[in-house]
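Right after this note come the structures.
Next, two complexes with chain A in common: one pairs it with chain B, the other with chain C.
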Partner chain A sequence: MKLKKNIGSILLFLLPTLAGLFLFKLYPIFSALVQSLYTTQFFTGEKSFVGLQNYQSLFVDPVFWNSLKVTLVFNLIINPLQIVLAFALAMLLNTKIKRIAFFRGIHFVPVAVSVPTACVLWNIMLSPEQGVVNSILVALGLDPQPFLGSSTQALGSIIAIASWKGVGYWALFLLAGLQEIPGSLLEASSLDGASRWKQFIHVILPLMKRPLTFIVVAVTTANFLLFSPMYILTKGGPENSTNVLMLESFNNAFLYSDMGRSYAIMVILLLITLTVVALQFKWLRTSH
Partner chain B sequence: MISKQPAKRFAAWCAPMLAATVLFTGCSQGAGTSADSLSSNGQGSSTPSAATEISFEAYSNYEKPLTKVVEAFEQQNPNIKVKMNLVPIDQLTETIEIKLSSKAKDLDVMFVDTPLVMNYSVKGYLEPLDSLIPADAKAKWTKSAVETVSYKDELMAAPMNSSSQVLYYNKDIFKKKGIPFPDADKRMTWEEVRDLAKQLTSDNVYGFSFEQVDKAYQLLALSDSLGAKMLSDDGLMSSGYSNSPEAVKAFQFYADLFNKDKVSPKIKKEESIDYFTSGKVAMFVSTNQNMPKIRDSGLNFGVTLHPYFAGQKVATPTGAWNVGISKYSEHKEASAKFIEFLTLGEGAKILFEEGGTLPPQIDLLNSIDTDPKYKQLPDNVIRIAAKESRETAVSRPKTPGYLEWEKNMNKAFEDMKNGADPQKALDDAVNVIDNQLKKYKGVAAN
Partner chain C sequence: MNRFTRSHLLLYAVHIVLALLVLLPLAFAFVSSFRPLEDIYKYMSPITWKTFWPSNFTWGAYQMLFTERGFGQIFLNTFFVGAANVIGGLLLGSMAAFAFVYFEFRGKTLLFLLVLLTFMIPFEVISIPLYSLVNSLGWVDTYAGIIIPGIANGLVIFLFRQFFLELPTSLVESARMDGASWLRVYTRIVMPLCKPVTVSASLLIFIQQWESFLWPLIVTRSKEYKVIQVALSDFVTEYATYWNEMFAAVILSILLPVVLLLPLQRYYVQGIANTGSKE
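After this line comes the complex of A and B, so read on.
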């Protein structure tokens, strides 16, 4: 009854959020769909309708296919890696030892650093010429590595940097979930003789389903749309080995002045992300 | 329903409304212009007392001389304010592209790289200057400078400076190794430079480095020396040109400096000048306008001519920054005034003297030839550059798709530095470039 009476003011309070959601999330998606069917004319700057031509030109372009491949490989590695690491970190941070608050503070430091700052920092540290990482490798008697300068190591380096930056953040949500698990449950299971591993599989994991679902979806979307490390560190190189779809879209829009094509890439990326997220929702619901 | 709400409740939902309003006005202001905010203050743009603010998108390396130019300009024109937005080179073309493709009005004057004049003209970014600046202006710049900023017989930008490259060397490193200094008037071959670089390379010191590592502007001097042409005559085909045998040979030399001869550090352009001024690099091919920086670093340095391949053509890089007015600018008159000051008036002199840049203005070029100041090191750098730009300079390829060509070539150069095979890197690049150039079919190069 009370809710019904207040529905007007509730809506009004939600208005800024709803307006923001529409303006900054739904409208751009709709606009991208429409714009991907147009191309911009030279000289006049007028837009003309070309139907699916932008998509057609993408499907015959090897650069686009390579970029799609890189995006998928990147996500296949980074998403499970970040989720497992974040979970492990959350478990560690949840242990009841002295000064745990100190460790919880430390793990949060990379999160507090902005992505561009983190990229610039790591770029210096991974520099093949005088980076500290190579100095350490050499001091240990190993060969110096090119890292971001090599087509076989660049994507891995970016995965490492992005995970260094991201894992602590995701662990925070999982830590909150872990703290919700009643201690009595764990106590009871250990009295029943459950090993730590069994406890984890049968008690902790089922209770963590909700935060895990959130993390899985959030990590996936964040990484599919990850752009700044590639833009700042490699610009898609060496030899297009880090040229993800987001970067290819950016290049089409602002280097090749082909907005329609750029929008088409965004629409494809959106569809891929939606599909993956939909599958994840399905799996997480049926399992356990 | 709202009218039935008590006053208290009214106040309660006012807050989010206010927040929303702030949000929206905040947005519209971001895309708006300084003129909007001026007129909303009750000061119409027609009121003479209101100062016009023009926004100037500039390359950050020019901060020092341009600040002086702007100061002098504002003193003479108290009703015009110039707001400089300094952007590093890698972001400059992107910033301009993003702003102009969205028809932003908060950009009035901008740096225009010579090969991009055509690209920007084709996209309709530039306001033709013929009616905005005096008719006799064209006669005050060198003919070649005027040609490079014209498209379809219209002046699209004003030439601000030109550039050339010289070979700087660190005298202390040469002395330490007991190697005689290069002759100031004798042009070395690239082969000699490489062999010398090998002798000069030791722990913590590299024998040689380009200033513009991985950048077409500088590396074209290698392929130009071997006579390689980068694009077809209509500027729409790179396959068979940018990856021709001569081009591959020229850039193999570049790749070898890093990977086979190991005389050059694998660094980025931004780091290169610091490597030279801090004594980590013995020989450094760099633009004339870096002389003030090198001089001020206190380095004991010498200068000689730009190298060439033995038995081949002498080719030196050239290219320049010009300034143009955005088609979407709402302050074209004020912008033109500033451009005139910067490229023809007192500003041109300030830029030349403070920045050590090569001027495209005929009277300033003449002063370099006659003023005895330019006979002695370090100021002789500018006289060498002026001579090279007249006699040996080769301009960059002419195409409406220069942006696409350059960005992909730069990527290929970077890959070669990191060990990629030049033939493969260039083959990959031309595939992408030709695909991108297709859209300019029907847009003539001349």
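After this line comes the complex of A and C, so read on.
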């Protein structure tokens, strides 16, 4: 009985949001899967079903393989790096010293700096000829570096910029988790004679499983789909050294108008991300 | 010197180095934004104290941004898009959360799982297929195209739901006994109690919107609808050598989030801490 009376209210309260979520969040994923099986005629704009042909043509294309390699290398470096640095920073910000609130505040500042802003800022700082970073290197008696202009340094520079912006943010989540660990637990373990390292492995880490799982997943999904640094700073260059899959998909859609190929890349990227996230989940559940 | 103070000194040293690493680029951008263009390259190398201090102070870069580069319009756009998202997002999100907490209906758990799923899907994944949809709706290069797809927000539903679950149920029950309609319960009883979560959610939505780049880049073409992050990236391609203006634009893009976040930091951290402890 109660249910019937409520139907009007349920629709009023729930329908607008659910419609929005279905139309603008879930439907696009479904449509990407379907559209990756079609190709669009360049001149007429007509769509025709081609099955797995978009995928097949990707697998014989060296540009795609390079882009896949760059994406994997980038993520193999940046994800562990950011997680370890964020954890270390959270531990540092959790120490009980005077003025710690001040230092916590400082690492909160990059939260206000967006990734595109960080890119524009560091692009000027890292300028090969006149950038202040090279001036500092020269003042220290070192050689100036090409940074974003070199195919061996561009990806590393982007990793550094993204980490400058991101690590403080991720550390905020971990700090919240660390602050929930009861101090009595740590005191007890150090009275039992546990070393700092043992305490970290056997007391802190197991208690941090929940925030850590969240961070690992959030960092991974964010970085697999990171796009703006490559788009703003390098456009995928030099020599395709920063051409990640997300950029390749964007270029195919909006530069070469090859939507089918763009969707196929997107689907592959989605599958890789989901696989990595699922593996991480499994690993974090079984460890400890 | 005993071991205790030595380890403290080391901690302070590490903290100071890290703080400099975070703040120096921003401080440098701030200082350089008040320099005339010809001074910027002059003091960059070799490094002296002049590299870090504007000897010829000027507002010129900021003036140029607003008079020549159209940053007034860009700011208005970004504000408008942000405000529309905050208002729409709060309204829809809180109503949906209300339904999930106070109504009983079939498939509720499944629907809520779907909501959780949508907020775990990064916007980047759906941006390109979403473009085709928005294009067929005729919303490319309109405010509707930038704003509407983001309004239904799983994260906001989640935050409000957490808050509602902690409110005493007797409050709502007695109001219903007295014959209050659900709409009245929502507007007069539950929402007035929601100030902290409303502030957290507003901040999260606004900052998210302020920082969004890929979607506005895809969905807008003309200068009329440009938002701050896209304008910044265009600036790099179009006027790469106007460093003083680029620094000023960087400072402008950071200013508002800093002004909002510093006094309201507690609410923002609460908001993200709530999302972090989910499962």
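Heads up, the rule we're going with is that the second predicted complex is superposed on the first by the 264 of 288 C-alpha atoms of A that agree within 3 Å, B and C clash if a C-alpha of one lies under 4 Å from a C-alpha of the other, contacts with A are read in each partner's own complex, and residues count from 1 in each chain.
Please note the rule applied: contacts are C-beta pairs under 8 Å (C-beta built on N, C-alpha and C of every residue); 3 or more make two chains touch, one makes a residue touch a chain.
Since the model is a prediction, treat every value here as computed from it, not as a measurement.
By the touch criterion defined above, A:W197 reaches neither chain B nor chain C. Once the two complexes are overlaid on the shared chain, A:P128 sits against chain B while remaining clear of chain C.
When the two structures are aligned on the shared chain, A:D61 is found in touch with chain B, with no touch to chain C. By the touch criterion defined above, A:L255 reaches chain B but does not reach chain C. In the superposed three-chain model, the partner touching more residues of chain A is C, compared with the other of chain B and chain C. After overlaying the two complexes on the shared chain, residue contacts for A:G20 are found with chain B and with chain C alike.
Contacts of A:G177 after superposition: chain C is touched, whereas chain B is not reached.
Residue contacts after overlaying the shared chain place A:S31 against chain C, while chain B stays out of touching range. Contacts of A:G236 after superposition: chain B is touched, whereas chain C is not reached. Under the contact criterion defined above, the residues of chain A that touch both chain B in one complex and chain C in the other are 9, 12-13, 16, 19-20, 253-254, 259. Residue ranges on chain B touching chain A, taken from their complex, read 1-2, 5, 9, 12-13, 16-17, 19-20, 23, 93-94, 97-98, 101, 103, 122-124, 265-267, 403-404, 407, 411, 414-415, 417-420, 425, 428, 431-432, 435-436, 439-440, 443.
Taken together, the chain C residues at the contact with chain A in this complex read 8, 11-12, 14-15, 18-19, 21-23, 25-26, 28-29, 41, 44-47, 51, 92-93, 95-96, 98-100, 103-105, 111, 114-115, 117-118, 120-122, 124-126, 128-133, 148-152, 154, 157, 181-183, 186, 207, 210-211, 213-214, 217-218, 229, 232-233, 235-236, 243, 246-247, 249-250, 253-254, 257-258, 261, 265, 268-269, 272-273, 276-279. For chain A in complex with chain B, the touching residues are 8-9, 12-13, 15-16, 19-20, 42-45, 61-63, 128-129, 146, 149-151, 235-240, 251, 253-259.
Residue ranges of chain A in contact with chain C, taken from their complex: 2-3, 6, 9-10, 12-14, 16-21, 23-29, 31-32, 35, 89, 92, 95, 97, 103, 105-117, 119-125, 130-132, 134-136, 138-139, 164, 168, 172-173, 176-177, 210-211, 213-215, 221-222, 225, 227-228, 231-232, 246, 249-250, 253-254, 259, 262-263, 266, 269-270, 273.
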